[in-house]
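First up is the structure itself, then whatever we jot down about it.
Chain lettering (A, B, C and D) follows the sequence in which the chains are written, and residue indices restart at 1 in each chain.
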């Protein structure tokens, strides 16, 4: 596991397992002079944390960051920013009994085969708990982006097979407010109601659901992204597929583009209100040749249903013995992991974009 | 454009523009002792080259590699392998007239904004011509993989909205033979016939088509992939989205997983013929927690329709002047760029896997 | 300050300032299965810590590590190892009065110019306090090396212009024991006595001394090092010159080689006791072409005298005003920073070698 | 040999062996808009090439660059710049007879042990011939630096044990002119005469000489260098020790600093002619805390004597058989490899500084 870092200049290195002492991140390469507070980071952690509604895990991850280094008198100093989040609500005992079972949909199988050892408590490093470090780092990246007028919003776009209509992106503050008001981060109240039914059904059945999240970024200048292997969409795809439970990524028209004709998909060029050349439609989703066009960046991420379910599943032990396995009723798992992943998607997107923003300073003489 | 390299240990750096002197690649980190010949590389270049059938570009890219370094007496020496492919059939004159036009769906807009200068001839570095270097490097990576019994096959899975049935992956040599026999790299003859009709219609109309390609890799050991940011699927997603014209990536059930329940999507564990624990189904697509499970790796890539079409499109010049633009009839463009991208997908996959294979040697004490 | 990481596969990222909350390190890429305890790390921290003798700083840096992640049931798991050392004995108040002065020989001048902000307390990130993280990481690297029979020893070779004779390297355990018995890490008791006089004189005078340290590594296999830009000596040179107060690096005969003839400097080849080809002398210092020869690796590092002195020095303020500056008598500074740097040299060498050892696994098919 | 690249943003990847088809380099990350011509690169290659005087090798390396990509209409485009130098005067036949001998001071021993295969002709990748690629890349880096008023000069400072006096650095154009006029790149005519005698003696004796080179860089802004592991001197040390035949690196007072007192070595601060704070002396050699101070950067590099000599040396074959070995009289080797390395030192320094210059754009908000 040699590559627990992400980014080139604005680069994070994360550490920590689900039931270890702490989860943390070192942000290396953040420019000096950025004002950032513990409160701003905690706010993002809260966005990610399980809420107190019936649609997410009842675990209490009241996460709070400790700033260990890199910030002095309220500003970044250019030195590495280390952020620590202690693990609190971790009850490891219940993992003892299943530690020799390969759990369907889980990574203990591959970790054990690869490393010969696995911290089985709560999923170890393979647990989505790991993403709290990403969200903490993302808070700093978001602050940097906001300094340059760049804003991000991720929301749930499809759940249990029911999709929302594409919301308008003209005012992202408005969209973001709507999304944050929803327990499922859904900008459409009617659809949200249907999703809640779906979730209630799945929960009652001891089952789980998948979903698709969508992200929008506005305020990007033209020019972010470094072809050919660091195309903006390549870096975003890598970022998204590194999030636990993700199964797909698409930008702009995405997989639908495969069904379109060139004359339908090509975005014509025109001029914007300031006379700048810009594409007039946005099937491309905000990039051309891997470089941002100045139009909103839009992409979608597919999440598989939560692997931890209460239904009986077939499996084997590490000794090859066949077993049946099911989580006991009352297990504290999200019925749909995607919901809380909106915070992670925003964080990872912010990391990709902060890095691209800095790298772009080196493009011209 | 600081990141024209790909990979960590088995790492390539590519260079060259569409109408420049040459396209090339330096492969750094290939282990010593691998037998490889010019012919083996040329064979992969031929797989990528436009054929002499009506469904691809009539350009003559009779590509031939020159091995500049790194191979001695038929074997890799551990030193960097430099491969050069001279550009031949490049007629630059016809790009003169449109060099000040932002071409819909093309990258000259973003390149000019980012770099202030653009080699407009044939799309410059943003041209898919660049991928010939990836295919040359991929030939070496494939040879390395084949040494360890790993085999790859990419094929066209959907074109113009018509999809094939999932072919069997039990014998990849057979599938690969079928695919190579098809002018559209389609393993299903009946569907291929329908696609040809679609292509003929689009061509007659001066239009273009999108498609979805699918790749399968067999023979992978358990354990490839480095969580958490170098998950196998994250690296593959990055590799795929770095290919020109790609709009989406999905692994295993992919976007469909978002519509499934946990009880449907989770792959139960059993034992294989040798008594090894293995997932018994493969909705995951060959990884768990970003690490290969030993089952076939399967993923799909969405391609937009070719941007170069003969229909009239609206655009502006670099001076902001509105224009209409269309390619003259007889322009040498692929009606569906995805078809020839099968070679590129195999090459990029091989690069990701060769790298993961070497890195995995460092996982345990 | 984008590059607070060191190494390619066995890679560390460090963080923390002199008077911040904590100093720490994340080790990424350590193979799984390595047994390592808090005590083993603390022992190395003690080796670096100011002792209770008159020749080093009277500061109390009773450093103790907290293992935050990556170790489970006494073994590394392959996941990132995070180590934290809290800052204890830090009295920041006395730095208030001089925070606007550019201190001769210190980095607050360059940091302020580069970043526009500087955590002036105790030298901030530029303080040698930062190296405690390197020593903690080095403890893990040393454990890995010892698993493969590789041993390191750094000692003081010249101080205040007086040099020791080259000690024998045939039994490194013996040399190491001798070195650790000495308050100045000097393997020669008579010379040590002279050095102590020199230090006492300098201290009485409010002045400081420079020194040269030497390191020896035995048990290295042939083949470590990756030409051409990751030659073993290139990586060691980079590692050494990254240590605060270092001014030079030489391997083998070093600068003396420039005065020799080829017939004197060339190491003839013979065979060792096992019949293996080996150089019979070692002017080269253990490498050829950047790759280890299997002979002891020997190199030397020059340290400038401690910059913090009690003599009056000329300087200017951040506002350009001329000032005189001297540390008050009783300031807690090492009269010769090099002495305690022996621990740092061993740590950085171990990091370079652990990385080279892993990378070498990828050299051949 | 996974790391044939150097630099972070302004990054080179080189390839090629002594007697292969060609030597080359890909420069990735050079900003767009830099004017550069083939002639400017060829001029640097000539500076490195063996001259027609009796003090260097009589080989004819009339090196000429072919620009393969990255430059359009006389300017860099931001895309990778590939430069190729064909190998011409390579007579491989004479290496046949000694291919099974471990040659004292040469790397065929370590390469064969590490890789199991070695292109023995002319030293393969371990030959100094490889550095022609660095010099070609350095020409581009120098051009970038000159755009910002930064100038470099490397000269021979000691040869065969005889040292020059430190020349003045106030006008680097003058110094550079003097150096280029000298066949030994020596700024002092009287010392040059003595060196020539030494070289003639060594040649007559079939022996070789070592030397020390010194480099000076002027016009650097304050702020280049990225602590803590990418300190300017750490990157320079790594660059220098990656050059074949180098044995040591020192910056500023270097190893002499180890003999000095703090009160002697500390550079007091004052103000320059523009009222800017600056150190008034330069024992530090142009950096503090790894970051440039704005004063001239000065460092020295030790070179061992040429390993190829005509005297009889003891060695063994790859089969462990004892042999005597000597080059035949008339062999085309430099009596002192250091002389021609002045071009390489300037090139590698330029690469380090170009990279630091770009990275520094990301330091502040």
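By our rule, a contact is a pair of C-beta atoms (placed from the backbone, for glycine too) under 8 Å apart; a residue touches a chain by one contact, two chains touch by 3 or more.
Every value quoted in this text rests on a predicted model; they were computed, and no experiment measured them.
Common neighbours of subunit A and subunit D, listed by label, are B, C.
Using the average of C-alpha coordinates as each chain's centre, B ends up farthest from subunit C. In terms of C-beta pairs in contact, the better-connected of the chain pairs A-B and A-C is A-B. Centres computed as Cα averages put subunit A at a distance of 39 Å from subunit C. Between subunit B and subunit C the centroid-to-centroid distance comes to 46 Å (mean Cα coordinates, whole Å).
Separation between the centroids of subunit A and subunit B, computed from CA atoms only, is 26 Å. Annotation for subunit B: residues 1-5, 8-9, 14, 29, 32-33, 78, 111, 114-116, 125, 359, 362-364 touch two or more other chains.
If you check the complex, the residues on subunit C that touch subunit B are 8-9, 29, 31-34, 78, 144, 147, 358-359, 361-365. Across the complex, subunit A meets subunit C through its residues 1-5, 9-11, 13-17, 20-24, 26, 28-29, 32-33, 66-70, 72-73, 75, 77-82, 84, 111, 114-119, 124-125. Those residues of subunit A lying in contact with subunit B across their complex are 1-6, 8, 14, 102, 104-107, 109-111, 113-116, 125-126, 130, 158, 160-161, 202, 207-212, 222-223, 225-231, 233-242, 244, 246-255, 257-271, 275-277, 279-280, 283-285, 287-293, 302-309, 311, 313-316, 318, 320, 322, 338, 359-360, 362-364.
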